[in-house]
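Structure below; questions to follow.
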Amino acid sequence: MAATLGLDWALDWLHRAGAVLAEQRMALIELDRVIGDADHGENMERGFTAALAKLEAAPPATPGAALKSVAMTLMSTVGGAAGPLYGTAFLRAATALGDAEELDDAALLAMLTAARDGIVARGKADPGDKTMIDAWTPAVDAAGAAVGQGPAAVLRAAADAAALGAEATEPLVARKGRASYLGERSAGHRDPGAQSTSFILRAAADAAGNA
Amino acid sequence: MAATLGLDWALDWLHRAGAVLAEQRMALIELDRVIGDADHGENMERGFTAALAKLEAAPPATPGAALKSVAMTLMSTVGGAAGPLYGTAFLRAATALGDAEELDDAALLAMLTAARDGIVARGKADPGDKTMIDAWTPAVDAAGAAVGQGPAAVLRAAADAAALGAEATEPLVARKGRASYLGERSAGHRDPGAQSTSFILRAAADAAGNA
Amino acid sequence: MKKLINDPRAVVEETMEGFGLAHADLVTVSLDPMYVVRKDAPVVTKVGLVSGGGSGHEPLHAGYVGRGMLDAAVPGAVFTSPTPDAVLPATLAANTGAGVVLIVKNYTGDVLNFETAAELAQAEGVDVRTVLVNDDVAVEDSLYTAGRRGVGGTVLVEKLAGAAAERGDSLDAVEEIAKRVNAHVRSMGVALTACTVPHAGVPSFELEEDEIEIGIGIHGEPGRHRLKLESADAITARLLSPILADLLPTPGQRLLLFVNGMGGTPQSELYIVFRAATQILEDAGLQVERSLVGNYVTALEMQGCSLTVLALDDEMIELWDAPVHTAALRWGV
Amino acid sequence: MKKLINDPRAVVEETMEGFGLAHADLVTVSLDPMYVVRKDAPVVTKVGLVSGGGSGHEPLHAGYVGRGMLDAAVPGAVFTSPTPDAVLPATLAANTGAGVVLIVKNYTGDVLNFETAAELAQAEGVDVRTVLVNDDVAVEDSLYTAGRRGVGGTVLVEKLAGAAAERGDSLDAVEEIAKRVNAHVRSMGVALTACTVPHAGVPSFELEEDEIEIGIGIHGEPGRHRLKLESADAITARLLSPILADLLPTPGQRLLLFVNGMGGTPQSELYIVFRAATQILEDAGLQVERSLVGNYVTALEMQGCSLTVLALDDEMIELWDAPVHTAALRWGV
C-alpha cells in the first residue's frame, strides 16, 4: 500500500465513481422514485459522464485540479439538489487539497471534511435529516479515527462508515430535500443521496486499495 | 289470445321495451364498445326512460298516439345514430297505424314495414351492412309470412326472426355507421342496434302473448 | 374508472355549468335544451355559425364560441351527437336574418340529427346551410364505409369560416370558405391508450403495454390497425404519409400544421411530434406557414395525438390571423 | 412506458426544438445551454423577468415567455432544476440594465441553482432579485420540511409580475408585486394516477384503481396521504378547505380561482371541479372575480388537478387583465 496517494489515484477514483454511478443508475432512480422524484440516478450519471469526458479533454495536473474540474462539471450538468451540493463538495475538497501532488492521511481527512462542510454550508442539513450528510458525517468521523493507518485505511474507514450511514437513513423521517414533503411516510426508505455518497466513497477506497 | 291488440298492448309493449333496455344497458354498451363508441345502451335507456315518463305525463288515446309520443321523445333524447333512426321508425309506425284502436295482423305488418322503411329512408343501409336493418328486415318478412295466424303469432315470428337477424350480424363486415370505420375488424361482433331491435320486438311479442 | 366527476350521468350538465361560470363574459349556457351561445348573440347582420356534436372532445365545440368563431355550440351526451331539439334553438339564436351555417362532423348520428334540425329551422324561415367536415384519412371514403370522419380539421373549418362570418361575408361566401377549408384539410390520429366513457365505466378498447392504435377516431372507437410502439419520429411519419398521399400538395405549398393532443398526452410530446412533422414537411419542399399545437379536439383522457395539415391560400392565412376570442382559442383581442 | 418520444434522454431538447419551431414569432431557443428568451429581448429599459425549473411541467415555464410575462425561461432536465450555467445567460439576456427578478419555485434544487446563478449575474453587474414561490399548502412550512413548494401559484406570480415589468415598474416594484402575489396565493393538488418520468420508465408511485393521492406535488413525488376515490365535489372541498384555512380571506374578498389540470385530465373534469369550487367559495361569501381553467402547470401525463386561490386587490386585477402574448397565455393582443 502506498503511503501517499497522487493524481493516478484521484483519476482512478473518479473513473470508478463514474462507473458505479452508471451501473447503479436505476437503483438510485428507484430509491428517489419512492421518496423523491425519480431523477437522482439519472442526474448523477449525466454529471459523472460529463465530468469524465472533461477530465479526458483537459487532463488535470494535480488531484486538486481533478476534483475542481469535476466540481465545475457537476455544477453545470447535474442540476436538482444534488448538483450544487456535490459541486460544492468537490470544489471545497479541491480547495482543501490545494496543489499538493501527494496526499497523506491528514490531507485526505481535510479533503473529506471540507467536502462535508461544503454540503452543510449550502444545504443546511443537520445529521439525522435523512440526507447525504448522514453518509458524509460518519465517513468524516471514521476517517479521522483512522488517520495514521495510511491512506487506504483512512478511505476504507470512510467508505465503510458511509455505507452504514446510508443504511441508517432508512428509518429516519426526512426533514430536508424533497423527501421531507412526505413527512412520516419517508421513513422506511433509504435516502438516495446518502447512497450515492456511499458509492462515491467506496470508489475512493477501492482506488486506494489498488494504488 | 286476442284477435286484435289495442292500447293496453301498446303500452305494455313500450313498458316491457323500456324495462329490457334498462336491464340490458350494459350489454348494449359492451357490444357498442367493441365496434363503436360504447354509448348505445346508455342512449337507448335514456330515451326509453324519457319516453315512458312522457307517456305517463300525457297518456295517449290510441296505439298510434303512443308510438308517436315515443317517437318524438326518442328523437329529442337519444341522439347519436340510433335516435333519429328509432325516432323515424316509431313515427312512421305511428303514421301507419293512424287512429286505429284495434290492430289486426295486417295493421301490425303495416306498422313493422313502415318502421323498417323509415330506417332505410334515413340511414340508407342495405341488408347485410351490419346495422339494425339486419334485424328489422327478416322481422318484417317473417311477420308477413305469419299474417293470418293472429297478432301474437305475427309478433312472435317477427321477434324470432329479429333475434336470428341480430345474431347473423356477427360475421358481417360493417358498411354503415361507426363500425364501418373498423373495416374487416368489425367482423366477429354483433351489431348493437340489431340487438336492441331484437329486444324491442321481443317485448312486443311478449306483450301480445300476455294480451 | 377514476374520474373527477360526481354522477356519470351529470357529467355534461355539470361541465357546461362550470364552463358557463368560468366564461360568463363570453357565453351564455342553456342547460335544457343544452346549448351555448355567444354572450352578444345574435350579432347584428352577421351570418351565424353553429356547430356541435358529442361531448368528450373538449374544448370542441363550446370552447370555440365567441367573436371570430362560432355563434353557438350544441354539446350532446358523451360521444353522442346532440338531438334536433337542442340544435334548433341554437340555430335560431345564431340567426340574425343573414342565415346560418351548420358545421357538422361526418358521423351518421351527427348528420341525421343536424339534418332534422336544419329542416326544422328552415321551416321557421332560417336560411340554413350544412357543411360536413370529413378530414380523417384513416377511414376510406367509399361505398363500404360511413365515409370519412370529421376530426381535427373541424377546428380549422370553424376558425376560418368564423373569421369570414365575422368580417361580414355573405351566407354563400361563408359556406364556400367552410367547404374550401374542408376540401384542403386532412388528418390522421394515433392512440397510445384508450379512454373510458363515464357511463360505460370501462376503457373503450384494450391495448397492450407495447401497442399503439393507428388511425384512431375521437370517439374511443378503435382505429384501423395496431402496431408495436415506435419512436415519435416513426409514428409521425406514419401519420403524415397518408395525409400527404391524399392531399397531394405541390412543392412550395404553404401549410398550416396542427398537432393535436387527444387529452392525456403531455404537451412536451406534442412538440416532439411537431418537430418531427416539420422536418418531414420541409424535407418534402413544403412550407409550414402557420401552426397550432395543443389539446383542441380530444377524446376524454386518451393518450395520443392527431396530425392535421391544411393547404393554405392567401385568404385562409388572412382568416386564420384574424382576431378570435373564445375560451380555447384567442388572439388579436 | 408508452410515450410519443424518441430517446428518453433527448426529450427536453427535442421538445424545445419543436417549441422553438412552433413559436418562432415569439421566442428564441438556445439549446446549449438550454434557455428560451423573448424574440424581442432585451426590451429596452424594462425590468427582466426570468423563471425556470425542471421540465415536465409544460407549458411552465417556456410557454410563458413573451410580452407581458417572462423575458426568459430555463428548462432543466425532466423534474430536475436547471444549472447555473444556463440560468446565467438567460438572466443576462433578460437584463436591459434595469435589473432582473428571478421567479424560483421553492425546491432545494431550484433554490441552490438559482442562488448560484444570481451570484454569478451579480458579479457581472446585474441587479438581481430572487422571489421564491411557495404556495402549496399540502406541505407544512416548518423547520421539519424543505418548506412549502411552489406549484400553480407560480403562473399567477409570473403573469402579474410580468405585467408590472411590462408597464415599466421599477425593479423594487416588480419584486414587491411578485412577493405580494406569492403572499396571497395558496394551492393544493390531487392525483388520480401517477406519471412516468421518461428516463425512469416506471410510474412514480402506485395507486390502486380506487385510490387517490391528496396533496400531490408536481414532480411525481407522492403526496401527503391516500384516500379512496370520492366525488369531484367532495375532492374539491378537501382541496379548498386547507387553502381557505391558510389564506383566511375576509367575507366579500375578491378571488382569482385557478383550476389547473395535471396534464392527463380531460377539460370537462376541470370544469366540474371549477363548478364545485365556485359554489363553495360563493357559499362562503367570497367572490370569484377572475378565473383560469386548464393545463397550465402539469406533471407530465398525471391525472388530477390542483386548485389555486389568489386574494385579489385592485392592482392585481389590473395586472391580470393587462395584455399578455405567450405561447400558453394570450389576451389583449
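All chains are identified by letter, namely A, B, C and D, in their written order; residue positions are counted from 1 within each chain.
Going forward, a residue touches a chain if its C-beta (ideal position, glycine included) is under 8 Å from a C-beta of that chain, and two chains touch if they have at least 3 such contacts.
The structure displayed is predicted, hence computed values, not measured ones.
Farthest chain from subunit A (centres taken as the mean of C-alpha atoms): B. With centres set at the average Cα position, the gap from subunit A to subunit D is 32 Å.
Subunit A and subunit C have centres, each the mean of its CA atoms, that are 54 Å apart. Centre-to-centre separation of subunit A and subunit B, using mean CA positions: 75 Å. Viewed as a contact network, the protein chains form an open path, each link joining two chains that touch.
Applying the touch definition to all chain combinations yields A-D, B-C, C-D. Every residue of subunit B that touches subunit C in the complex is listed here, in rising order: 29, 33-39, 42-43, 46, 75-85, 122-123, 173, 175-178, 180-183, 185. Contacts from subunit C toward subunit D in the complex involve residues 2-6, 11-12, 14-19, 21-22, 55-56, 58-59, 63, 192-193, 209-210, 212, 229, 231-233, 235, 263-276, 278, 288, 291, 293, 295, 298, 300-301, 303-305, 330-333.
Residue ranges of subunit C in contact with subunit B, taken from their complex: 33, 54, 76-86, 107-109, 112-113, 115-116, 138-140, 143-146, 149, 197, 199-200, 202, 204-205, 217, 219-222, 224-225.
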